[in-house]
């Protein structure tokens, strides 16, 4: 029944890791000049890896590049094709600084990329769009929702993406690009950006399903055998849903802003797809809220279950006590040592007393039954 | 009293079925090209059935058609008449793909039609409107609200509707068409679309009534005999209301958008009726919220009922214990074996002790009464 | 103290009667053509009664008319005067159908008039305004808020009003018309409509006052003698407030719409009065919400009261038990039959033991007092 | 610790007094013509007192006037100066009617002035502004928030103010006028109106402080000695905060409307000050909400405190009972009268039993300690 | 585990200190002319200190000035450079009055600067912008969030800042100015104002982290050893979060207003940075709300933990009582003194009774186990 697993405790630290990072960075030098780059995450990868993908309707090129090659990427040589630069690993601030300079990013963009506790948001700059999303993953071993920050910069004919650690989230997009599946190769950089955002939002549904399973497990526990560990697990789940909520709630505004925006970067054709992404975001938000309601319901049920069990225990105690206390009193009476107690000398007194006592017990039992205390 | 029935347990799985399907589809190929068609529901019917209805003010024709005949349906031959194509069964994605192509549907429409966990929504495309609704049915056997997705595409002179399984929801509309009852035959495709939406929203009132009956049953249980199963049933009901709420809340926005929309597809005449449908939707939402309040009230009452019963049990225990404990002490005193206990040798000691004990018990009883503990 | 009265139980059926009627009507023929008239209420009056009032600045005429005379009422003969047709009893759908046809009402208006479970609303049609309100009455015998639907149609020089049963709500308006009190006779149909709406909203204050009295009674119960019936009565009251809330919340939007509307039907002069009605509606809503807060507070107080009493009971049990249990043990010791128990043979053993026991009891009592357990 | 004081009970009647008055007025003649004047408050003063203040930049005149002099006040003789008419006492409806006629007030204004249960509001009429505010005072004796209605009418060069009873709230304003302190004498009627409103809002901060003190007292009670009276006092406080909230919440909208308004009555110079008043209103609202949160927290703490005490009582009972019950059983064993019980004849049986029993008790005590039940 | 520390009690006084100050000020002279300066805080510094910093792209000058030098600071001599006047200590109202006059501040600005209980806000005046913020600091010794008010006035080429006490918050800004780090020297007064606001918002993240740690500590307490002091500490934390919330919630509107504003004071370049500050504010608000949710969860968990422990205690009592009560009854039976009790004379009666009793106890123990009461 997975009771062992459910002993995992609440870890607000984890939940606050996001803010914790920001604090550590800014805490060191409050008042430091804005645009100062301080990486606030853990170093998750030894060396930052840069992958360059360049494609047009008819060609596709993908390779890992070195730092020295960055300069050659900007400005993107031929405007008809799209350049996608993906960076895995954010601890090398110098590298990112250089990349930012070459690509003409505003210092605040680069600052946000490396401080990995951002809320999902989109910002329009003069000649590009900056989007921050959070990738979610449900860790089955400790029932936690793991987060990773993804930053995307979309320019007229290039896309830059930044992840904390290498992952396989974008593999399907790469495959579609390589195999020219769908229309992705014939569309511009804005469609690629959409495809990446879609590849981030899609796995949310997996997390929703996993948490749904977890809710079902906990429900079994609550019904079959509610104990303190179950309550802890429900509280833990509530907190994980807080993490989830923080990642998905801002998406509604984010996609809405992209849709309503009159920026020329996003074409009408792509906006239809962004509307679809918005739709998915709303669905995830909807599911998250539903699961919060379910979890709150679980807690209510746990409490009513515990209080019911206490009630039952109490009834047993009451039954036993009230049945035996009068009897014990009776036998106490005939244990007294008075000189003049006529009953003591009657021949049938003892068996009669037994009959009286049994009768009394049966009467009380029936009375309790009728009062439906048993 | 239906206590057996009320033992039905919470099933978040059911509630999450909607998202579960989406997840399964998208979970398999996260990052798959948007517009990819994957049916996410169960195959509820052996073979998809297509029904073609074509009518004008003076004629009416209805027949089941084969896949090969789809091509002939588009573009609808004569503009003065309305073509209604209804598809039962969504597992045959190829069929739907072909139908989509012929009818000139955007790939995202077809994708949404087959992924049956959509939130109710309406989307305006270049030359048609896409509406998703959820049909609800209250299953009396397990007290669950069953859902089915209905997708409607409205074009200038055609309506396409897609259901997961054949049902009789649209029979009244077909009858009105066949018998030329009301004004339905003299109106255009937009009015037919409205009639279908109305036929989906109408049964919600039936579900509301059934849930209202259920609330009344549970209330009886709470007052007459509250037990753990009652609490479970209330929780279950709360979750069913979550299902209901998810189906009806988005309707307000949906109809509002259709009303405010300046799309030429919907005529002024039809808009008056859409306002009526909007009105019904608001009424269902209102009822759903009221029932949520009632259910929350039921739970409160269950808890106060349980706590009251525990209180009563406690009082009985306290009464019996406090009445007999002093008496038992007294008889214990005269069971002692001291050599020098003068009372033991008094002739009237025994009866006097009885009188004292009975007096004590009566006094305590009266005292309890006055303190209103009994 | 009215404890008997407060035993009235929750009746969600009553609360859902509104929706219940709608369901029954629509449930029978889901998909029936919109505009189909089905009366959903109980037949409250034997024969529908139609009263015709016609007045101008200088004349006034009032009489009951027969069905055959309806035809003669439309169009209202002389434009300078106002025609008011009031119908009591809605079961005679044929009559209403004819009246609707003569007055040129949209079929949806007539449908809404006879389905008596409408939410308060206002709708603008081409040449008239349709307003639905709910008349409220507090029934003292069962502490329920009784509802009745009132529909008003305002045209350029006529007002139609429809009630489920004859009542005296409009008598003051009739009196003012007859006696030419105030400015009502010199104003148009829009002012009459306002006067009728005002005559519906005014009695809400009476209901508020009655419910306020009820809250005070229940508060006494909670403080003086909280029992299960009190909890039931509070829950019942909460549900009645739900009924009330459903009737008054929509009024804010309703009057707001009438005020903001640029319909030529309502003159500037009348709008000042509608703003006053809006103001009253807001005040009633305010009161309703305050009473909901008060009722929630009552429930909290009931629970804390019950838990306090349980605590008190528990303390008495603990006191008695802990005082006598050690003593009973002691007397048990000297009831043992060991051959060698020296105390048994001491002459002063018995009185000394009494002193010890009394001393023990007093010590414990003082200890409890100091710990403030008593 | 003021425990006696905290026994004050909830008085919803008081809270509903506002609506109660309205109901009484309107309840008597539902449907009475709008604009009918019925005073709904208690007669708080024997004879209504009218004070006339007239001032310009260089002169100031203040005197009490008789009813007969009202006629001479309108229209205000010289436009350069400001006329302020203050009325204390609202029961003399004839006087107010006459005043209203002379000043050209809309009948609805006069109706609202005398029905003293208005929600704070502002209404723009053709040639004046009507503002209703509620004056608050914290009554220390019964810990209640006392209310009084203040109505202000601002015209181009006059201000009318109406209070239920004479008070000293406006004395500082009068002093500033008399002594020409600040800029009040050189500003117009709009600034005077602002000064009066400011003089109403300022004392709210005093009420906030008093309630803050009350919260602190109750907190002490909850921590030191929580009892039923404390719970009642907290509930009472919650209700007083409801009164407060009803008086201050509408102020945000009220001042906002005055600020946004393009009425020529309020000059730009005065609007800066109105923004300041708006600011104060928001601060009071903020404080009120904070105090509501604090009070809710108090109640939670009371409940957890009570449940903690119950837990403690329970532990003592359990300790005593579980320690003595086995011992009592043991001594019972050796009180049996079997013929063949070898222990009874052992010489050391008695002392050995004592040792065993003491050992048992100590063992259990240590066990409980380790389980941290003690 | 810091249990000692967590005994800190709720102190609403502290929370209300803010309003308390306002009340004291305004309480003394309700109705005093607006613009009257009364310092409402404690005198935190002996003598107000004024620091003058003047800089341009190429020069920097910083020195403490005397009151007599204020006159020379206005108007700022050369428009190309920025003048920043920082005042520490607000009790010297005369000084502030003079400064206000020289700088041409509206009287309401100066009034707000010295009444230190302002809500964060921004106000646009004719020729300058007034911003009020609250500096927060987490005091580890008593786990309280300490507040201080900061007022900033931004003019075309000057910035005035006012703090209650000298602090080091602005040191980094001063360092950046002195060392010409970043672009701060080449930007105008608006950028300096932004830098100061940023220096106020940055430390909020430190407070968030500290409170996060506190939540983690309390969680340990709740799980390991929940007691009354833990509940008090959680309540205390909730109240501190209220303080925090009041300081950060208004920031969203504040920065939004600055961003949307079309005031010429803030250049486009600076607005990009204000958007960043807005972003940080939203993140802090987000964290605050999350921590409120976590704290509410902690309280729930504390309650379920206490109720679980009570349940456990109850079970032990029930176990011991129900196992020994029947046995005690049995030994009581054979302690009776009836003349005719055959068992008493059987040779094996005593050992057989022991066997029976042990058997009974074991049976009950197994039964309890199976019912999982143990």
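A, B, C, D and E label the chains in the order they appear, each numbered from 1.
The rule we apply is simple: a contact is a pair of C-beta atoms (placed from the backbone, for glycine too) under 8 Å apart; a residue touches a chain by one contact, two chains touch by 3 or more.
Computed from a predicted model, the values in this text were never measured in an experiment.
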*Kindly list the shared contact partners of subunit A and subunit C, in label order.*
B
*subunit A-subunit B contact: same residues or different, taking over half shared as same?*
different
*Just how much do you need to spin subunit B so its Cα atoms sit on those of subunit D, in degrees to the nearest 5?*
145
*At what distance in angstrom does the C-alpha mean of subunit D lie from that of subunit C?*
26
*Would you mind pulling out the distance in Å between where the CA atoms of subunit C average out and where those of subunit E do?*
42
_Two or more other chains touching the same residue: where does that happen in subunit A?_
307, 310, 314, 317, 321, 325, 328, 332, 335-337, 341
*asked:* If the ring is traversed from subunit C in the direction of subunit D, what sequence of chains comes out?
replied: C, D, E, A, B
*subunit E-touching residues of subunit D, taken from the complex the two chains share*: 169-173, 175-176, 181-184, 195, 198-199, 202-203, 205-206, 208-209, 212, 215-216, 219, 223, 272-273, 275-276, 279, 282-283, 286-287, 290-291, 293-294, 297, 300-301, 304-305, 307-308, 310-311, 314-315, 317-318, 321-322, 325-326, 328-329, 332-333, 335-341, 372-373
*Residues of subunit D defined as touching subunit C within the complex*: 9-13, 15-16, 19-20, 22-24, 26-27, 29-36, 106, 108, 117-119, 121, 123, 125, 225, 227-228, 231-232, 235, 238-239, 242, 246, 299, 302-303, 306-307, 309-310, 313-314, 316-317, 320-321, 324-325, 327-328, 331-332, 334-337, 341, 343-350, 353
